[in-house]
Structures are given as structure tokens and as C-alpha cells.
Amino acid sequence: METKKPADSQVIMTELVLPNDTNTFGNLMGGRLMYWMDICAALSAMKHCGSPVVTASVDNISFEAPIKLGNVVHIEAKISRAFNTSMEVHIRVWGEDVLHQYKYKSNRAYFTFVALDPHGKPRPVPSMTPESEEEQKLFDGALRRRQVRLILGGKMKPGDATELKALFNIQ
Amino acid sequence: METKKPADSQVIMTELVLPNDTNTFGNLMGGRLMYWMDICAALSAMKHCGSPVVTASVDNISFEAPIKLGNVVHIEAKISRAFNTSMEVHIRVWGEDVLHQYKYKSNRAYFTFVALDPHGKPRPVPSMTPESEEEQKLFDGALRRRQVRLILGGKMKPGDATELKALFNIQ
Amino acid sequence: METKKPADSQVIMTELVLPNDTNTFGNLMGGRLMYWMDICAALSAMKHCGSPVVTASVDNISFEAPIKLGNVVHIEAKISRAFNTSMEVHIRVWGEDVLHQYKYKSNRAYFTFVALDPHGKPRPVPSMTPESEEEQKLFDGALRRRQVRLILGGKMKPGDATELKALFNIQ
Amino acid sequence: METKKPADSQVIMTELVLPNDTNTFGNLMGGRLMYWMDICAALSAMKHCGSPVVTASVDNISFEAPIKLGNVVHIEAKISRAFNTSMEVHIRVWGEDVLHQYKYKSNRAYFTFVALDPHGKPRPVPSMTPESEEEQKLFDGALRRRQVRLILGGKMKPGDATELKALFNIQ
Amino acid sequence: METKKPADSQVIMTELVLPNDTNTFGNLMGGRLMYWMDICAALSAMKHCGSPVVTASVDNISFEAPIKLGNVVHIEAKISRAFNTSMEVHIRVWGEDVLHQYKYKSNRAYFTFVALDPHGKPRPVPSMTPESEEEQKLFDGALRRRQVRLILGGKMKPGDATELKALFNIQ
Amino acid sequence: METKKPADSQVIMTELVLPNDTNTFGNLMGGRLMYWMDICAALSAMKHCGSPVVTASVDNISFEAPIKLGNVVHIEAKISRAFNTSMEVHIRVWGEDVLHQYKYKSNRAYFTFVALDPHGKPRPVPSMTPESEEEQKLFDGALRRRQVRLILGGKMKPGDATELKALFNIQ
């Protein structure tokens, strides 16, 4: 099976924050943003593997700057690493006040999707080779995030988490 | 400031999966579920602190069983731990096929919210004291999840993550 | 066929009033609330009979206190009486200003649903036996509401409405 | 204050049944229809009184024929009677299969609205004089429906319900 | 195949402008209005031909007066001319401030639809004969608009556009 | 006032076709697409002029290939010409079947927006200078489309439409 580049799976979404998307502060509600991120990330994963996908897990969404009513939401998704039958997607979000030509970082997140065959069973996905330095960093971090996920989910023993142990400089 | 119990912040939501909520497999899309989880969790955090809140981070949503079109979604949110100005909310989700009287676990997640004063600045929240054994376990885990969040976000050095080090049996 | 308790069919919904749900006074529009009530009541009826159901009639929705933008809507539905192939569902609605920890009665209503077999024809439903005093009162009133419905719909002669005649003390 | 005719308050709505409006049988959900009926009826009441209005009660919605996915919903609302500060609106609904040029009665209902002054308090509305025979019948029935509403809501004693007593031939 | 009158295809829609339909000026967004116009016009075309239809082109929507939040949108669609397998629909839109009993012209447009057979291929539609003077004018203009469409779309040579040449008094 | 390039106003949107966006053939409804096109085009015009804008007119939307349920919609908008207080935006739309890695042209359109000052009055916009050959062609055509618009709207005499006369080789 061929290997692919992160750029092959890039998806860009642009949305406008409407009244019904906001909380009482007039800021975009977190849940509405996650709705868009999930669609953007799922499309990215589908571009990588050419199969339908389902969301398997969501980690580390951090909300930095709120996006205001009437502002624009820019979402960019790209595969950060492909595993056997799953893919981690890295998502970055910016807000933009178009009238003041002012664009600002809003948040980032990692979503994991599983590729499915026509019977709804997991199927292998193409491997992915990072190109830029930043892509390499995201690729390396993906293993660490996966171990955190497995340990916290009770599916891996801390002693087997080689990547995490390295983080703590444990031999 | 008074201390509160987890039960004080319990919120229960029930939703029906409609056609527009589903993917091509006829299952509830992850993003739509996160939209509901965010509202349910925010209401729970607001019940705890009596202030408006904003989503600060989302960790470890794991999607176990898909929820089908026409099935019912049950969401239950409860504070798992209160920090200075933030609260971790524990969310559990079940699907239910009402016609077959069959209810199944779908997923769980942790959302963190920050309480805001009228100027939009973080404000202190009441402390929270767990009661049941399960609540105590969630309360303890909250510190661990917080350290993972801070380390992966580059805001804490691994050496300072005492809770995580304990996990790896490091002195 | 077994008999069931009102508690078996209890369904609780929680919704947040968003901008698009409100009228020019910033209050929840009646139609939006009825949309949620219908889903909540239909789920309750389905829990009682284990079959798909369709709305047959709606009676006596009275709107007492308006629910404000940003407040929470609590809806509770429970079967009040089962007839041959239909069920009357009693629905109560509260608003809640979560920030001020203030919960208030908003309205109540009775919806009637018919259970359907796979060909879309009415099918028998389990009987229902009230337990508490309040449930007994709702159970008794259901017959009266049914006769009002039939008379006003031209399907029953006033002289045959024994329950209503009792209300007027007619022999 | 002037008197008005039913025709002055006529409002006609046309909607298309989309996938998200339907239940598992592919028929329009009752709650979605009530959402449209409430808007149509509120507009009719506003045309009559020239003030903002709020839904006060809903009575006797009977669902006769289901409306299918892709069919058209025709809603017609007209004031049936004006009281002091409230108006009863009569609503009729038809479905139409445009491809087969087939139009069918679906249901009818009575909604009651209260007119509000700028402080949100009830304000007097113009009187209404029926013209056609059918309008006269609806006008007469309005009093009867109002008494049923008041008795069932515990706001009127059966002995004072002169209109209803007439229905049962009681002196 | 029979011929039809414009009145046979008349469709009237009434919608209320809700918060999520508006831009930052509190006016109805153009795109939301086009969404309603398309449904109204498609229904009109379907009434004329009794077949499913698809939007083929949209021309000359001019937005004259904005419609405010809380106002009512009136849309009226009627066939202006039938061609072989396509129909031009003329749409007029008014806004109405119901409280001030003030109705104003908002915009007009021409949509063209193609009738489809069950295999999704274009099929012939009944001819249409205008009755009033205004309908005759719209009927005549339809040919001109069609030629503009074809020329600008590169599907007709200016020299063949007899209707347009007449407009410029060219022999 | 500075001059700008078409690239300065480029906006890219990506949307997923969900069940409620489709007609009975399972294809994206024209009106839903126009809703997205209007938002994408308005954002493009706002990027050009840095002011709020309103839709002034829509011309020549031609629907070529339908976009299927579950496919992706790609919308790209860019200013084609700036006039005194208005801007013509050129919009191109592609569909994409992500699973089959197949992307196809769906339609194109021209929307015109007017820039508004804080009192809602038209205000001057920066000029725009095309760069590529294709941009020059769109720039030239914009004048022709404007004259068609003005003539068909009765705001210009055919004899004054110098651009259109040139199209017919009239001196």
C-alpha cells in the first residue's frame, strides 16, 4: 500500500459565527466549534484513506481565544500520523474579524478516526510520511498522545508506555 | 466559600437522533454528539459555580458504540473536581433503542470549564467533595488528567508532574 | 399483556434556550417548546408500548411563565393513562435560570399517541396502573379529557359522556 | 376600538417536508408541524391586534392524515373570536403531493394568544365580527372551548359554564 | 399536451425572520432568502409540470429593500414561461412589519427549472398561456432573459439572439 | 485609496452535504447551495473593502452537475471587479466524492455586494486590478454583466450600453 504526505489530506473550512452559535457572552460555543472540527477532520481522514471513517477519540482540545459573533472561523485539518487502521488528525482553528483584517489563533486539537470497510469493520489505511519539520514533530507526538490515551483508558500498562517513559527520562 | 457535592451539579439530557445528525452509515456523527455534550457539561459547571462558564479544554472522548438513527441519546454530566477557577466535568453517554428496550454505553469524556465574572475574567469556584467511591476515583484521576493536559500543552515540566510520576512509580 | 407503572415511561429532557428559539421579547417561542414536548412525549409513549407511535392529538397546553433566552428548559413526560391502542402522556415543563439557581413552573400539557404495528396500523398497548395519589388523579382525569376531545371533535354525543356528566352532577 | 373581520387576519404558509422533519415512518413529526402552526397562528393574531402576542394555550390539535416526506404542508390561520385581551386562532392544515396533484386534509387546531403592551402586560384587542356561516360557527364554538379550558384548568366551576351546560341540555 | 395558466402554478410562502437569519445589521441575509425562494419556485414549477424539477439557473435577483428581524417575508412564485423541458419562474418578495401594518416590496427574481423523468433525464412540460397584461409582459421578457443567459454562458452567438437584437433596434 | 488584487479577497469554503440539504433525488438543493455561496461571497467582498456589505444582486447562477448526498462542496469566491461602492464577486463551486477521490465542476455565479458605512449608507470601496489573464477576462465581463443588469432592471437605456453594443458589433 502506498505512503502519503500530510498535504494530501489537507482540508480547509470557513464558517461565519451566527447568533445561534453563540453563548451569552456573544462568543462561539465550544460545542458548535467541535461540530465543525469533527466534519473537517473526518473529511481529512477520508481523503487520506479513501474509506468511510468514524470518530474514535478526541484529545486535547484547548480553547485559547474566543471567537466573536459575526467573526469568521478558519479550520485546517491534516493527518499527523497513520496507524494500522486509524489516523490521528491535527486541527488548527483561527478566528478572523474581517472588518478589522485581524486574524487570531483560537485553538487546536487532535481527533482520531478509524477507517471502515463496507461491513463496518476496521480496515488498513495507507502509511503517512511527514515532510516538514513541524509535520515530523506532530508525527512523533502522535505516539505519545496515543499512549496517554491507552493508559488513561486502562488499555495499556504504564510500564509499556515507552514513549511516555522517555518523556520522564526513565530507562 | 461553601463546598458542594457532585450530585448538586448533575444534569441529564435526552435527545433523539434525527436524519441530519447521521453519517453515511446511519450513525450519530461524533461532532453532533460533542455539541450536545458541551451544552450538557456547561450547564453542569454552571450549576456548580453559579456563574457563566466557557469551555477551556476537552480530553479523552472515546467513542465506543455508535448510536443509530432513531435511537435515543442519554447524556449525564457531573462535576468530577473543582480547581481554583476551573471545573472538570465527567460526562457519560448511553444510546437506547426504545423499541427493543435496549440501552448501551456509548462513550465518556472529560470537559474543563472556567468560571467567569461579569468582565469575562476567571473567578473562584466553590470546592467539591466527592461522596461515593466512584466519585472519589474520578476526583483523584482529575489531577492526573490535568497534568497530562499541562505537559502536552507545554505548560508544565514532566519533572513537576507528581501525579503522573506516581503512575510510573518514579520517586 | 402485562400492566406497567407510570415510572416505567418517565423521560426527562433538558434544553438550553438559544437566540433562534426566542420571540421579540427574548422569550422561548411556544412552537419551539411544543417541538421538544412532542419528542419527549413520543419517547415516553414508546417506552410504555415498545412500538413506534404517532401523535394523535394535543390538548390543553397552557403557557404560564415564559422561559427566557439563556435559561434552561426541563421537560418531564410520563404516561397518565393507557387506552386500547392509545396512550395519554402528561408533560410538565420548568424553566431554570441556572446562574440564579432559580427554577420555575412554565407549563403542562397532555399529548395522545397511537401505537403502530409494522404496517402502520394501530396495535394494542399494555395497560397502566397508577401508583401515587397524583398519578391516580391524572389517570381519572384522562377519561374526562378524552370525552371532551371526542365531543368537540363530533365523535361522541354529549349524552354518552358519562364522565363529563358526572362533572356537572347530572344523573 | 374598531371591529375587524376574520379575513383581515388570514395568514397562509407553505412548507416542504425535509428529511429532518420526519419520523421513522417517513412522516412529518407532530412537533415540527406544531412549530409551524404556532408561527402561522401568532402572525394571524398579530395582524388582528397590531401588537406583539404570546401563546397562551393550545387546544384540540387532532392529527388526521400524516404528511409524507417531500410533500407540501399548507397552513391557514384566521381569528375565530376575539376576547378582551386574547384571541382564539383557528388553524387548518393540508398536505399536498405536488407530483400527483393530490391535496388532503391533515389536521386542525385552536391556539389562543394574548396581546401585550410594551411592558409585556396584556392589552385590549379589537373585537371581531364573523361574516360567513362557517365563521359564525367557529365564533360560537370559541366560547365553549374557552369554558372547557377554564374548567379543566380549575379556573371556572362547572356550574358557571353556561355554554357547556347548554351542550348537555341542562337548565 | 394541455396548456396551462400562470395561476395554476401560483405558490405563496410566509416566513418569519428569526435571529439566525440576519446579518450584523439585523437584516435578513440574502442567502437565507434565496433558500426560501428556491423552494417556493421549485414548488411552483412542480405544480406546472407534475414532475420533479431541478434548479437550472438563477438570474437577476435584485435586492431592493432589506427585511428586518421579526418582520414577515411574503414570497409569491408563478410560471412566467414554459419552454420545451424547462420553465422560468417569476418570484416576487415583500417584507411586512406586522405590528405597524406596513408591507413593502423587497425583491424579485427569475429562476429556471428543468423537469425530470424517473431516470433523471429532462422531459417535456405543458405549454403555458399568459392571461393578464402583466403575465404577457413577463412571458415576452422570458425569451430575452433566456438569450442573455445563453450568450453570457457562451451557448449562443450574439448574432442569433433575435430578441436581444430587437432590443437594440438592429435589423 | 489603495488598489487591491483579486487574491486578497479569496475565500474558500468546504461543506458536507447532509440529508436535510437534499431533494428527493438525493442531490443538494439549489437553495441550500445559494445560502453557502452568499456567505462565501459576502466574506470575500468584506475582505476586499473592510466594511459590512449587503447583497445587491445575483446573476447567472448556472447549475451544471448535481452534488450528491455525502459528497463535499467546495466553494471559492474572489472579487472580479470593484465599482464605486459595489463589488462583483465571482464564485466557483465543485463537488467531490471523497471516497472515490473524484472532484467535478458544479456551477459558477456572480454576486454583487454594496459596501456600507456605519449608518447603512453606501461607501466607496478600493479599486481592484486583475493580475492573471483569467482575472482580466472576468474583469472585462463584469461591465457587460452590469449593463445587462441595468437594462433588464430598467435603469439603463439599451443605447447607452456601450459594452453590450460592442458585443453585437454596433457602432
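By letter and in written order, the chains are A, B, C, D, E and F; residue numbering begins at 1 in each of them.
FYI, a residue touches a chain if its C-beta (ideal position, glycine included) is under 8 Å from a C-beta of that chain, and two chains touch if they have at least 3 such contacts.
Just so it is clear, the model here is predicted, and its values are computed rather than measured.
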Counting shared numbers against all numbers at the contact of chain E and chain F, is it over half, same, or under half, different? same
Between chain C and chain F, how many degrees of rotation does a Cα superposition need? Round to steps of 5. 180
Starting from the Cα centroid of chain C, hunt down the chain whose centroid lies farthest away. F
Tell me which has more C-beta contacts between its two chains, B-C or A-B. A-B
Between chain D and chain F, tell me the centre distance in angstrom, where each centre is the average of that chain's C-alpha atoms. 43
Cα centroid separation, chain A vs chain D, in Å, comes to 50
Among the residues of chain C, pick out those that touch two or more other chains and give their numbers. 19-20, 24, 39, 52
Can you name every pair of chains that touch? A-B, A-C, A-E, A-F, B-C, B-D, B-F, C-D, C-E, D-E, D-F, E-F
Tell me, which parts of chain D touch chain B in their complex? 19-20, 22, 24
Which bits of chain C are touching chain A when the two form their complex? 18-20, 70
Chain B residues touching chain C in their complex are 11-16, 39-40, 43, 46-47, 50-52, 72, 98-101
Contact residues on chain A for chain B in the complex? 23-25, 27, 29-32, 34-39, 42, 52, 54-63, 66, 109, 111, 116, 120, 141, 144-145, 148-149, 151-153, 158-159, 164-165, 167-170
